[in-house]
């Protein structure tokens, strides 16, 4: 079950303080990177919610993010909604789509689930890529940023936007943590361990999976809205399965099923990517090798590794009752 | 309370359940006996809906549930334990019971509150833990306890749904004689209005808890009656003891 | 134009040609999965490697040098991968496998860029297969007929090996139940290695025969991956029949979709896939049950 | 574009502009090109030729040029992020590059808002010098319509009356074919059928070729580039269609960059482009020789964009430009005779005006070469909704 261990709380506080402090001192490019990290963090929290806790390893989260980004941009530009209603609409659309995908894929497990989500993600990608309404390969520009001038915040300023994005990460984290502690979250974790038993206990498995996937999809859609607001330009590449693959990489890099770890992973991934790509155009290969090394090491990512080390230092719980037959 | 009519199921040429008709009254304790491969677990799987029968029907508390799915039947008060432990391995014993209670109470899809900390779930967990003798171990992770304790939890999870009918598939399989006896003490202490159907291997213990006995052989009911009659039945001895000695 | 018999013949041949190319790719991937439960996302990269090797070798030894040696080179690379990455990850679960082989794709794309550069490479069709053949009233490129024939030949050979030989029986037993196969005294480890390497060689062969038709580019492995995965998911993971069925379905839907309903074409195949997943989550002809 | 954002950017820009004015003779150039992804080879060609151009013409300009390179990965959001970095962090005086029209579309508002001059060294989307034109964006490469429109009339003049067109289904493909169709039908030709294969998803063009064959056309006119161009030309030849149904197209189809990969299949294909390495003029001879010496390759049309971008930048500096503002004002005024012939910038759109060369790919002494059949006179693109502010300076 999901709990906030002291280590996790410490890591969260450090991340919050660190990112906010950096937001106040960083230069322009630092703020861009901070916003990039924040958007990726939202996506990977969403992914960890279903993949890490529910065992639903999705390769369509990039597509869900992209749907959010496109829905937001189209709602704001073509339909003329202001930013916040457009965000609500986009998040709802991502959630609805995720619910349908989750419901259809609920019967598939393991690699079948991965393949099925990959297929749905590519379907969305092809649709957007092909559709002239969405600007095809060239994409769409002009996604607005929310207008917070009423409370004295100008989100067109990079610093304000970075802080706004960090606040959204916090919101995402709270939603994810609350979900994990709700009845649905408990069921989701149970499903990961033993789907058959939960069904025998009376759980409508497909609905639980679809609902959890919808919540995750909503968060991915939120990440999409922020991505659109951040670059103010979107293209079908956002929906590509490689974005989902990269998100999965980040979750693994940080620590699957820890909710905090993926945030750490997002920080590491973005910083690493910028550092390495400054050195060589072949940075993909280096990222690939790091990924292989992390997975081969069998540690649960960077944060998972730290957690395991800390747990190893604590004394093991002792059996309170003698076993008649071990 | 639980009734089957002419239940039949075959896998290709092999009949695993052949015209099985059973009727359990409320509060009845019935033991199903039969050699390996007699179709006992297959019958359970059909009762809870994990397998669909080829023909025949299943009735729970007067309602035809043959077309209902596993989860729907569970919500009507049908619960089961498995011959092979089917637990939530990463969680603690308390969380296992809590999760079962949560789902059974229909809170498994809830979004707003933490059911594990709700009074009702906590109360159920406490009661069931007492019933299956796990009260002091609630905080132990499942993967850190012995096999015998896991067997107890297996039944505990089934009980945590507060069922009307519970099906137990060899609850003492693989545990030693001492623990097995303790288990039967627990079974006898269950509330009298709970209908219990048990697959059991150990004849003596079976006769100890059973109100009635059903014997299956090659998917067919070959005996259905009181334990004392079963004890005297030559047919039963031939089939059951023959197979028993072979094993 | 659609009432013209020639149109249907031509498009059927096109569909078959695409199907056979996909069959060569998917059969290795699917049998490896059926046997080892290993999903190799880098299978497309092996195909690209085969195409590059064929292109390079063709420059030195002529087309047939590339045709025969490229699959061997890919098999050798497969053997290296097997011992360094695959073997230790066999039991690591699908996610670890997906991620490791995803990482491999990144490495493979940049490796081909480093070795062969960013520019597309092309190789010529071998002299014997130049030109067209008149067939049922249409002129069809001989080389494409060769691809169809090659695919059918490989299918026939694999069917023979799987149904008539002892190795084939072992592989079928392994796909059915690997524990039982191990109990029967089959050297599972050696069988896995064999199947993996042969699967890689077939991917290399696919690359080699595709090279003269398509252009050889660093991202060709990534481009072919999704179609290949669709083929094996539609067909059912792990089965030879599934790979055949999936390849044919993909080839025909793609080809006729492209000319008859171009606006829906790209979504069509995914919609079909979704339908299969809803109705039969394990694919049309899964290896088990 | 959000007004406050533009204002914020402009504020940042003026403060940084004053900083850079201090050392006027140093021009900081931000080179935004794909160094990875599908267009990496194009990026490399432009990069090599740009450096060559600076070395060739920059020496006597009195200025020193510092180059900051960024990889846009052919991904619009990445291109935008890198653009912001170049403008706000590196504080470049001028940006050069952009291969993909998608990237150009993505960065257009940022460049325009920040008032940083951008020399477009490839991306050919019509909007960039049409409705989305900017006084800060000068295109030294080509526009999609420019390369294709004149070919329509020329083909009719050659006796081609009925044409079947094929191009990938994306903005550039549509623009190229639509411009050709306009020119072709205006001259009296008839388009008897069209196919739009899915962009970057189609590897086998066989299904579309069958339709072209059955259409009763005199010729086929296509646009493809990169790997798709190689596949298409080879597959067209393999179906034996070249003899009965001659293949025409936009010149990217048989670009010098990858015509070798097409091999004999490309022989006899007639296409039109703004640059061919075999153009017979002294500027081109010097360029080809220098580029070959530097890289060992024959320069492509992409290379010439890089070379002429450098030349244009140097010309602007020679005209007295020193910073973003003056460069932006000077760049649209440059004109010179380069390897492509006489070039000038159309003040109405800031798009290049250049002659178009019709060429046939033929077998030469060492491999395939380009035989120029005709040079069609330079023609400025229609304004297409471009409203240029009256004056920048």
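List of remarks:
Here the chain labels run A, B, C and D in written order, and each chain numbers its own residues starting at 1.
Methods note: contacts are C-beta pairs under 8 Å (C-beta built on N, C-alpha and C of every residue); 3 or more make two chains touch, one makes a residue touch a chain.
Predicted model only: the values in this text are computed from it and were never measured.
The interface holding more C-beta pairs in contact, when A-B is weighed against A-D, is A-B. Chain geometry summary: the mean Cα position of subunit A and that of subunit D are 38 Å apart. One finds 37 Å separating the Cα centroids of subunit C and subunit D.
Centre to centre, using the average C-alpha position, subunit B and subunit C are separated by 48 Å.
Among the residues of subunit D, those in touch with two or more other chains are 36, 40, 169, 198, 200-201. Of all residues in subunit C, those that touch two or more other chains are 110, 113, 266. In subunit A, 126, 129-130, 282, 284 are the positions where the chain touches two or more neighbouring chains simultaneously.
By the contact rule set out at the top, the touching chain pairs are A-B, A-C, A-D, C-D. Residues of subunit A that touch subunit B in their complex: 1, 179, 181-184, 186-187, 189-190, 192-194, 196-205, 207-208, 211, 316-317, 319-321, 323-326.
By the touch criterion given at the top, residues 1, 4, 6-7, 10-11, 14, 17-18, 110, 113, 117-125, 131-132, 139-141, 143-144, 212-217, 219-220, 223-224, 255-256, 258-259, 262, 265-266 of subunit C touch subunit D in their complex. Every residue of subunit D that touches subunit C in the complex is listed here, in rising order: 36, 38, 40-41, 44, 169, 195-198, 200-204, 206-208, 210-211, 214-215, 226-231, 234-235, 238-240, 257-258, 260-264.
By the touch rule above, subunit B contacts subunit A in their complex via residues 48, 50, 70-72, 74-75, 79-80, 82, 86-92, 95, 98-100, 102-104, 106-116, 136-137, 139-141, 144-149, 157, 161, 175-176, 178-179, 182. Listed in rising order, the residues of subunit A touching subunit C in the complex are 51, 57, 59, 104-105, 107-108, 110-112, 114-116, 118-120, 122-123, 126-127, 129-130, 241-242, 245, 248-249, 252, 256, 282, 284-285, 287-292, 295-296, 298.
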